[in-house]
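Letters A, B and C name the chains as they come in the text, with residue numbers starting at 1 for each one.
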Amino acid sequence: MEANSVKSDVSPEKPYRHYKSNKIRVKRLTKPSLIVRLTLGILILLTVYSFITIDYESVDLLGGIAATITNFKTMFFAPHFSNFTFLQGLYAVMITMGLALLTTVFGAVIALFLGLWSAENLSSGRISNGIKGFVAIIRAVPTVLWVLIFAVSAGLGSVAAIIGMTFHSMGYLVKAYSESFEELDKGVIEALRASGANWWQIVVQAVIPSSLTYLVSWTFLRFEINFAVAIAMGAAAGAGGIGYDMFMASSYYYDLNEIGTITYYILAFAILLEIIATRIKSNLHASQT
Amino acid sequence: MLLFCAVSYGAMIFTQFNAVKGFTSIPSAIQWGISNFYPAAHSFEKLPAILNKLLETILTAIAASTIAAVFALFFSVFGSKITKVNNILSIMSRGVATLFRNIDVAAWALILLFSFGQSVLTGYFALFFVSFGFLTRAFIEVLDEVGESSVEALKATGASYPMIILKSVIPSSTPQMISWILFMIEINIRSATLVGILTGTGIGFSFDLYYKNLDYNTASLVVLTIVVSILILEYLSNYVRRVIL
Amino acid sequence: MTTLLNVKDVSKQYGQDTLALSDVNFSVEEGEFVSIIGPSGAGKSTLLRCINRMINVSSGDITFDNESVVGLKKKELRRLRTNIGMIFQHYNLVERLSVIENVMHGRLGYKSTFAGILSLYKEEEKEHAVHLLKLLGLEDQIYKRCDQLSGGQKQRVGIARALTQNPKLLLCDEPIASLDPNASKKIMDYLQNISVSMGITVLVNLHQVDVALKYSDRIIGVSGGKIVYNDSPEQMTQEKIKTIYGSEADDLIAAAGDKNAV
């Protein structure tokens, strides 16, 4: 029995008593609870260590926090337009949206094929593992580095940003898609195979229709992420759009009020996307039950 | 389908993306990568400095995630429909989380540059804010899924609110929450690279430095160290998840 | 015999026009085993939860142990609940914790928040818990996680948790509705045993007429939020089952008839 498995500190005839104090033990360490504590302990230690070793570079922490609060007030309560108009701002958001959309679409198309080939139930073990390893490495490289790497040959701008972001989206979606495909009931594939259907027929007739809701929701989730990434690429890799405007306002004009305006633009669209994503997700749950 | 293509085409015009140029640039990029983007002997002299920066970045990412998790825990307990104290607090904590989550980490970095300048703290707080918003939402979902049943049972025994939270809700949701924290750390290491480029700190700054000096060999070594550390972290998190979930 | 529980003119209204209970009157003597039967949605669950104030009544009064429960404040309410154990259809255990940890949760109501959070249980309390687990045949499962138990075992953990409270009254909300016939019989036997040997009053919501007939000292029939039957099992007739269950009755009678035939 499990109660007797830790023999060293438990007397056999009274398995629930502590061997020394003869007290009844309520808590008992199991492997999962040990790992939970170990993980939390390590994280706390590393956090404390990082606060001790952090290079504060004579930055006044409390002063900085106070300044941040004042800055928030300036941003959110006194936003203004100085370097662009309302419509130009909207246009910039549209560019960012466009970047997110294109990279999601390109990534999704490529990921659909790679996802099929990397799903264990639709592919051979070697190909599946090969693709999974390949996309794990692609995912491990931060998007901004992909963009900058492509920028060397394509030049800084939307082309490099789109290729770089597509790369990372693809890596993300291949994982999501293949996991959705793998959840498919084995019997369905077997039944179709028994009826003489070939691989493509199985994919088109059974695999894609039954995992379509998952695919749609993962893709939209990636679109939501890509909107945020597109802002970042505008700021850090010259991809244009609202992120670039924000970078200019922050690093060249030092215009907090305008940053406030841009933040409102970003918030409005990001929250809109989140609401749509939540809708899609709840529809997904509803269709499952 | 037609509409979809039209929208995509519109997006191409908006972003001034030249599809032909874009896709033809991929082969040349790969060719360039093979001939230039690999660590050369001289790059390895920089390895200690790179690893030092990498460690700084990883520590910042972890610290931001754990502290954010502590705040997120409180906000999610108030925000979840299972454990909320009252509706006003619930709506408020959900609202605050939405605000912090939906401003991108790069945007936070640019905002915080005003108060903390080019320092690690800027990056730290940018990561912290986004993590806080993200984890609050994730934790609320975890708490909602735990369900009301054991909460009801403990209430019926006469247990007080703090007891119910700490003895029933938290033990049931700890593994899921740890899984989210580990996921957040992975995301934060990648985001920290980006934030580092914007704020001139950590591994992002190292990459930017070698990249701008056209020292692609060393820049590739930076990428390699990031990839290795993320893959190791992913492996460790998967192990922890397998055991505890 | 003394009256332990007295429910007087109790009504419960949800929203504008959903009347879950209307003018419910009954009382329970100390040591009695009382079943409440009725179709789903008749208000059985609501009635049970009004007694330990998991749900607040809209009007009327409930006295437990010579004390009105309706006006109790926070602290008094916690004290009331320690005297009333509750058992649930879905067991409502913290699935990730061990059996003994779940059982000890029954003591939380007696503790200060601080002591409860730190699991500072007295040795006698732990002895008692282990004793109860032995009584319920769970001594080999003490350190098992509850998600590894069968439904019947989980319900026994639920009973042990309620009994560590040293309750005067046990409220059981459909305790066997999620169990197979074998496990159901076992659980009902345990409940009967507890009632007799420990002198604990048991009030149990049931869907199955035959089970109620077999185990109860008295049966209360609820339909549409009203009490339509309140008498000993011997007085129950097919006609009365019909007034309680309405259109559902025929199936139930048929089922009960089958059992009698076998």
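Going forward, contacts are C-beta pairs under 8 Å (C-beta built on N, C-alpha and C of every residue); 3 or more make two chains touch, one makes a residue touch a chain.
In this text the structure is predicted, and so the values were computed from the model without any measurement.
J.: Given the contact rule stated at the top, which pair of chains has the most C-beta pairs in contact?
T.: A-B
J.: What chain is the most remote from subunit A, judged by the mean position of CA atoms in each chain?
T.: Taking each chain's C-alpha mean as its centre, the farthest from subunit A is C.
J.: Quick one: report the Å distance separating subunit B from subunit C, using the average Cα coordinate of each chain.
T.: 47
J.: Using Cα averages as centroids, what's the distance between subunit A and subunit B in whole Å?
T.: Comparing mean C-alpha positions, subunit B is 8 Å from subunit A.
J.: Which subunit C residues sit where two or more other chains touch them?
T.: 119
J.: By residue number and range, which residues of subunit B touch two or more other chains?
T.: Within subunit B, the residues that touch at least two other chains are 174-175.
J.: For the complex, give me every residue of subunit A touching subunit B.
T.: By the definition above, subunit A touches subunit B via 31-32, 35-36, 39-40, 43-44, 46-47, 49-51, 53-57, 59, 61, 64-65, 67-68, 71, 75, 94-95, 97-99, 101-102, 105, 136-137, 140-145, 148-150, 152-154, 158-160, 162-163, 228-229, 231-232, 235-236, 240-241, 243, 246-247, 249-251, 254, 256, 259, 262-263, 266-267, 270-271, 274.
J.: Touching residues of subunit B toward subunit A in the complex: what are they?
T.: It comes out as residues 7-8, 10-12, 14-18, 21-22, 25-26, 28-29, 32-33, 36-37, 56, 59-60, 62-63, 65-67, 98-99, 101-107, 110-117, 119-121, 124-125, 174-175, 178, 181-182, 190-191, 193-194, 197-198, 204, 207, 211, 216, 223, 226-227, 230-231, 234, 240, 243-244.
J.: For a test of understanding, state which residues of subunit B touch subunit C in their complex under the given definition.
T.: Going through subunit B, the ones touching subunit C are 149-150, 152-160, 162-163, 166-168, 171-172, 174-175.
J.: Okay, in this complex, where on subunit C does subunit A touch?
T.: Touching subunit A: residues 98, 100-101, 104, 119, 121, 123, 126-127, 129-130, 140, 142-145 of subunit C.
J.: Over in the complex, which subunit C residues touch subunit B? Could you list them?
T.: The touching residues are 52, 54, 77-82, 84-86, 88, 90-97, 105-106, 108-111, 113, 116-117, 119, 158, 161-162, 165, 171.
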